[in-house]
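Shared between the two complexes below is chain A, which has chain B as its partner in the first and chain C in the second.
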Partner chain A sequence: MAVEKEPLLELRDVHAGYGELSILKGVSFGVGGGTVTSVIGANGAGKSTLLKTIFGMLKVREGDVSFEGRSIAALGTVKRLKAGIAIVPQGRCNFPQMTIRENLEMGAYTRSDDGIEADLQHMVDQFPILREKLHLLAGDMSGGQQQMLEMAMALMVRPRVLLLDEPSLGLSPMMIDEVFTSIRSLAEVNGMAIIMVEQNAVQALKISDLGVVIELGRVSATGTGPEMLNDPDIRKAYLGLPVI
Partner chain B sequence: MDLLFTQLLNGLTAGAEYALVAAGLALLFGILQIVNFAHGEFYMLAAFILYVLLAVVGLPYYAAAPLTVLLMACAGVLFYAIVISRVISRPWQIQLISTLALSIVMINLAIVLSGPTPRYVESPLNNVILDLGSVRISAQRVLVLLGTIVSFAALYLGLKYTRTGKAMRAVAQNREAAAVVGIGVPVIGLVTTVVAASFAGLAGALIAPLYAVGPTMAVLVNIKAFAAVIVGGFGNVKGAIVAAFVIGLLEAASTTLISTEYTDAIVFGGMILILLFRPNGLFGKAVRVG
Partner chain C sequence: MDAISSRFMRDYGWLLILLVAAALVPVFSQSNYYISIGINALIIVCLAVSFDLVVGRVGALSFAQPVFYGFGMYVAALLAVNLEMGFWWQVIAAMAGGMLLALVVGIPSFRLNLHAFAIGTLGFATIAHLIATNWMEVTQGPMCVAGVPRATIPLGFMEIAPWKLPQQYYFILTIAAMVVVASVAINRRKLGLAFQAVRDDPVLAASNGFFPTSLRLTAFAVAAAFSAVAGVFAAQFQTVVCPDSFSTATTVTLLIVAFIGGRASLRGVLTASIIFTVLPQVLRIADEWRMVIFGLLLLVIVLSAPDGIEHLFQRVERWRKGRREGGKASGVSAQPFAADTIADITPLGAEERIDGGHLRISGLSKAFAGVKAVDDLSLEVRPGELVGLIGPNGSGKSTTLDCISGITKPDAGRVELDGIDITGMSSSALAKRGLVRTFQSTRVYETLTVRQNLAVALHGRQSIMAEWASYLSPQSESRSFRERADHLIETLNLKHVEHRKAGELSYGQRKLVQFAASVISPPRVLLLDEPLAGVNPTIINLFMRHIAANHGAGLTIILVEHNLGVVVQLCERLVVLEQGRKLADGNPHDVMGTPSVQEAYLGR
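Showing the complex of A and B:
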């Protein structure tokens, strides 16, 4: 689990918020290709806001976000998607009255190359449950299956950076293991940088190269996965584990 | 037999009128979640545009009718820029007041500019009577029915198969997910508004030669189009179109079998009855356009 030297995505003193409300008050960290990063923190700390800001749904008000060495702070979501940044937000994020196939095609909406069908086939190889239901409506699938679909839709972008907001929410323990395993292998095999927000912090940190703790809109601690899992303060405050 | 056929034809013509207006209302509601109280007035505006192009500019009908649709598409761009884009992410009360205000302004502008006397629009097809054995039908009515069928087929195919059509359905089903896959929601808002205004334009271009044109010509039509949208399942375009034709045919049937005086009571009574048993409309509440 080596962290690359040159970060693929870097945040420097990022400020963002909603209207008058300032939520992120100076967030800095960097992630390399082929790594998994877990963002943890209390409810309302600004974790989802952080992902939305990286994706471009919220403006960077101060500071900078750079991708492959270039600033993307001024780019909108469409340009960021085309550059290779995709998100699976919290909550249902598919088109319930379209088939699984149509949903996957919509995932590739910003692409115009001719590799879309091949990627779609590749995706249903990776998620066999989707192949079986390719012609059924997304809204008729179970919550866990829809979660899989949404991940596959984001992968149709061929992202270099994948942002996941609570990917394990509402899944059964068995499916959670499965999702975390595929997140790890996506990063290693495809060289993606995956940044995920997780309530399931212990399990998330176990497969992570980097852990970032957000507290009141600021980074209060960072470390490798094992460092975080062994840090007494973090164990007590965020992991619900006994202090060793 | 003749009477039955004539009334069937009247019902289908009225149904086409309601359906062309209702389709735009359902698109605006289904995709952008906007209730456009001014939509009937777009139909009225289109009828006046056709009148001006024919009677003032002196164009032939074959040129004036398509130009009317084109100008209404442009009116759709203005409507988007001036009203929709400013209220689309505001609370529904603001949307309601602004489209209602536009409707009132348009009706009163029409009264000021044209006066209360109805105008008549001439189409050469009014005088071409097709003889189908025992029944006779004006070519204009044939054009109304053909134009309506062709335009709805185009709408269906466009929504189902084109990239923009798919994006419109995507915005209807989940606006956040649409933004996440990179669909420009404002662009889809503009396209939807232009398509809706063009259908009102088509209604004016096709149907104005059959009825009198005046400032309040669309008030009752708009109410019936709203009824069709509600009965069809709010935001369900197919449902709204089917319901509009049902309303048109029901009107014709009650005019023939009972009396003209009871027509509106029967139609709206039927609507209340349907909603009592199917509160989400005939075709479900799903925001569905394909």
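Showing the complex of A and C:
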């Protein structure tokens, strides 16, 4: 596990919501580079809202979000993306009428360097299923394949912080193993901080350095992956596992 | 009763106040000038409300509304001049003719998609103008139908002769009030919910058993009748009727009114109609700057309320509510799940027997861009069987469900339900036969509440006769619906969000709403496409009990799911697909032990 130092991304008492609804009511935690964090909680607890707030799709109403020691609460999504925060939203979120290759190129839209093609090749090495289908329309691929594509698209900006909203959603067991393995290695090899929201909480916690439970818009528990997996309350309420 | 009437007053009291205010206009202003502005505004109200019925409530852009208004005027004028027919005959002829015309235009235009409909109505508007201009024998072309007699309208006990301006004003106010009341009535009936459902998601509506085109046509025809009647009324005090009645300028006015009013918002549309007709007249004091100021004011409205005036109303309401509640921000978050409390709830369907359908698929094939998604697949699912359909991503599971449920047409092969060929049948027709599916990409009616989502699903699943017979009944919940809905909502942990709009819910909650909607009326065949993806593990246990209970009652189920723990535990039979072909078929234990399955699916 990484040595405790200045966290790469830190949330302090973050409040956010939609219109009159306030969803997050004071969320605080920090994550360091090279770590994986799983956010778990009931359906509708505010997990996706949390990721959207970190990425800047929702305003921070109270509290602060800082990245590399500087507050980013006032920055828009494009600036946060350029600073190195990328998100893979939940559900289908690609350009269905474009080919896989074009989608990957769109992932690098904010970049202007000449390393894009190399990164694209790197992506298809990492997700071989994409190589076979580079010329096919994204909309014609299966749900699981689109999920892979979306992750590759996010990686095209070489993020330092990667936010994943249910990366295992709709994936077959083999794919889930693969995705979780690559999430782990992305964090370790590239020093990325990965924050993911997962309902497949057991498997997610197994590869996580930190688990964060969101309940009623607040952090109700944090701990290392194994701590969470052994906590009887969490097992009962969020993991659907028998209490040991 | 008192509670109901006071609620009605709270919801619609403002309409009565508006009506009284409108009725007082001629009393306070004797000037013909103001009264003419009022008449103009009221005509726009009639047209805008009927326009909103089509554009706002069923979401189909129509350029034809002014045509039906002009049609009503011509019908009235021609019948009066040539056949000396009385007012009520003119009304009947205009309504019937308008609706018929709407069907003639609507049926071919709706065949393709909503864009085709918009273009179709635009073409129709152009043709109508050409006919009015060039069919000299009937319409007198640009010379107009002249010498329209001044009408007297028999009401049985008295006669009205709207020859003076204030009388004409009240005359047109009456029809405007009737159109508004009719629109409110539709909105408060089940038809209003069905319209909203079709607008929100036609694919989901079809798979709930609605025929989206029929509902859109209904809205279009009713709106046509409204506009045509307004035309007949307006014709009563015009001595000439000219082709200009079909002017496209009116369509532009209606579009702007709809845009600044807000979608499917009566108060927004009424306010916008009044602003748009009265404001330019008020601005006459500014002389040549009039239109510039008017344009700027519109711009200010659009910029400050991009979702229309309705949005401003909602903001004011929220602000007032916030003040009432002492500025306390309201928030609804999911409660931590109380797994213990649901232990003794009877799973749904346990009390009834379901007559499960018999599904037989043979030689099914479907390709996308040359890639075979499903390749010569044959599969039989017996009544009451629960079959798990698994396979790697892209192996054709969802496409198979799409082909069975009428979402996509297979390239080859045959699907039979109880021995009847259902290949290529629409998903609407299949839902009526009890073949119901859920979608992997979670579809819900976003502007309807969770409870309304269930109510609409139940309504669509009835027989066509029952569906249409109950469209004009109120939206109140029947007892059996309430029991079923309450049970599903409670056991799927949706209680705290039951009155929230489904569009505000999280992904996992939408999945649950979608599942609840699929079993709110017991289906005969249920196709579940990854119902558990994104659902919290604790709820998965409940979900499984729902599925098991329905299966126990005799429902035929195909379950596509990646959560193998669930699949193996629930299903008595597993079918594994790979690259669109059947790789294995048998009891879960044997299938999972097959080396080829382990390699293809589990990577071991």
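The rule we apply is simple: the second predicted complex is superposed on the first by the 241 of 244 C-alpha atoms of A that agree within 3 Å, B and C clash if a C-alpha of one lies under 4 Å from a C-alpha of the other, contacts with A are read in each partner's own complex, and residues count from 1 in each chain.
Just so it is clear, a contact is a pair of C-beta atoms (placed from the backbone, for glycine too) under 8 Å apart; a residue touches a chain by one contact, two chains touch by 3 or more.
Since we're looking at a predicted model, the values are computed, not measured.
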{"item": "Partners on chain A (chain B, chain C) - clash or fit", "value": "clash"}
{"item": "Which of chain B and chain C A:95 touches, first, second, both or neither", "value": "first"}
{"item": "Partner chain in contact with A:239 - chain B first, chain C second, else both or neither", "value": "second"}
{"item": "First, second, both or neither for A:145, with chain B first and chain C second", "value": "second"}
{"item": "Which partner reaches more residues of chain A (counting touched residues only), chain B or chain C", "value": "C"}
{"item": "Contacts of A:81 with chain B and chain C, given as first, second, both or neither", "value": "first"}
{"item": "Clash-bearing segment of chain B relative to chain C, given 39-47, 93-101 or 147-155", "value": "93-101"}
{"item": "Residues of chain A at both interfaces, chain B in one complex, chain C in the other", "value": "91-92"}
{"item": "Touching residues (chain side chain C, partner chain A) in the complex", "value": "318, 322, 329-337, 339, 368-369, 371, 390-395, 398, 440-442, 493, 497, 504-509, 511-512, 530, 533-541, 562, 564, 601-603"}
{"item": "Residues on chain B engaged by chain A in the complex (per definition of touch)", "value": "163, 166-167, 169-170, 173-174, 176-184, 286, 288, 290"}
{"item": "Complex contacts: residues of chain A adjacent to chain C", "value": "17-23, 25, 41-48, 90-92, 129, 136-137, 140-145, 147, 166, 169-178, 199, 201-202, 215-217, 220, 236-241"}
{"item": "Residues on chain A engaged by chain B in the complex (per definition of touch)", "value": "55, 57, 77-78, 81-82, 87-89, 91-98, 102, 105-107, 109-110, 153-154"}
